[in-house]
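Chains here go by letter, A, B, C and D, matching the order in which they are written, and residues are numbered from 1 within each.
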Amino acid sequence: MELDVLLFASWAEALGAQQVRLSLPSEPRVADVLAAAEARAGGRPLPRPLVAVNHRYAKPDTPVRAGDEVALIPPVAGG
Amino acid sequence: MELDVLLFASWAEALGAQQVRLSLPSEPRVADVLAAAEARAGGRPLPRPLVAVNHRYAKPDTPVRAGDEVALIPPVAGG
Amino acid sequence: MRSAVVDHPLDPTALLAEVASTSSGASTLFVGTVRRVNDGKDVTGIDYSAYGPMAEAELATIVAEAAARFGTERIAVEHRVGTLTLGEASIVIAVSHARRAAAMDAQRYLIEEIKKRVPVWKREHYADGSREWVDPTAVPA
Amino acid sequence: MRSAVVDHPLDPTALLAEVASTSSGASTLFVGTVRRVNDGKDVTGIDYSAYGPMAEAELATIVAEAAARFGTERIAVEHRVGTLTLGEASIVIAVSHARRAAAMDAQRYLIEEIKKRVPVWKREHYADGSREWVDPTAVPA
């Protein structure tokens, strides 16, 4: 399936976009999103992100479905 | 020697004065001040005070000299 | 309790007043500000950005955790986004509690969890004109 | 750093501004206030009294200890004396530091040492008209 993934901070800057469309295997999981995103980053030195699904941090084996809001979360630095 | 000792809080209220004159043995120490003060309190249920000499907490064996500013410090409750 | 991500200057005094109560014996305020020097580099300003809806949700979750864990609903937190100059406040945390120890424990819990979990990022501007995304997980060079 | 015993209402915002600095990443404010209920009794106000010169000396000593121990001179403390009503502030402690953990550690050190050592006393007024000197060392009835 095709999935739009939101980008922030260093990832948004490096890829020049607030979101990217990724090609994922059928019945994808968060780990598949991460693998496709890292492939898209193509060797740029970016920090490893976490993945949020519908505004919550998700584990690598969390399923991702069409219509989910999926985001890459680079290391946070708020406060 | 005779020594004026400053009183505060429950001690000042119980003895009805901001200071009392105590009779002490010659070459008195802080422990002598405490003993004379407790005698003066005469069995009133007052909390045991510390003693300050010249604005610093003093130990029981600290000598007290004429001219020292001596105060009874009931349990503090600031902040 | 209340938390928000906002794009205007923060008002610590207002948050302190918001949590105050005659049933409280202690109130604490934490204010995070833009510091002139970070990791030896001369900072001139910071862009804060957030994943808005998730940042608001995560802030609210952390505040609810602190309320349950430390026993007070009198908590107000605001995180600012946008471009901040030196000395400006990026976060304000106000807590009020009957007991001082719990007020201080809640304060520390809130800032530490916010730093770890809320999706907010900062890009520091340096005096030499360069800019850099701050990565707290990076190994120091 | 600065500390004082004063007989007028405290201004937390002013103390926060006093310690602020662009070399600080974090500022903390602690405000102790008169609470409506203490040990189950209905409090209507508190008389705070101090052994003035010693209280000022002891406060200054504690502030200097905190400055040395936690590495910041940006500390301001005011303790109020006189008759306070519900919700009024009896003490304000402001600390600013490059690092947030040290700012919070200093805050806690200051309030705990002040509570233990500074010769200040309080007499609570209760709704039934009675008054009582507070003795933190007393065994609860």
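Worth pointing out:
The definition used in the following text is that a residue touches a chain if its C-beta (ideal position, glycine included) is under 8 Å from a C-beta of that chain, and two chains touch if they have at least 3 such contacts.
Just so it is clear, the structure is predicted and the values come from calculations on it, not from any experiment.
Each step here moves to a touching chain, and the least such steps from chain A to chain D number 2. Rounded to a whole number, the gap between the C-alpha centres of chain A and chain C is 25 angstrom. Chain geometry summary: the mean Cα position of chain B and that of chain C are 49 Å apart. The multi-chain contact residues of chain B, meaning those touching 2 or more other chains, are 79. Across the assembly, chain D contributes 32, 100, 111 as residues in contact with two or more other chains. Every pair of chains meeting the touch criterion is listed here: A-C, B-D, C-D. Interface residues of chain A, counted against chain C in their complex, comprise 6, 8-10, 13, 47, 52, 55-57, 71, 73-79. Remark: chain C residues 12-13, 16, 20-38, 86-87, 98, 100, 104, 107-108, 111 touch chain D in the complex. Looking at the complex, you find that chain C touches chain A at residues 32, 48-51, 53-55, 57-58, 79, 90-91, 111, 114-123, 133-138.
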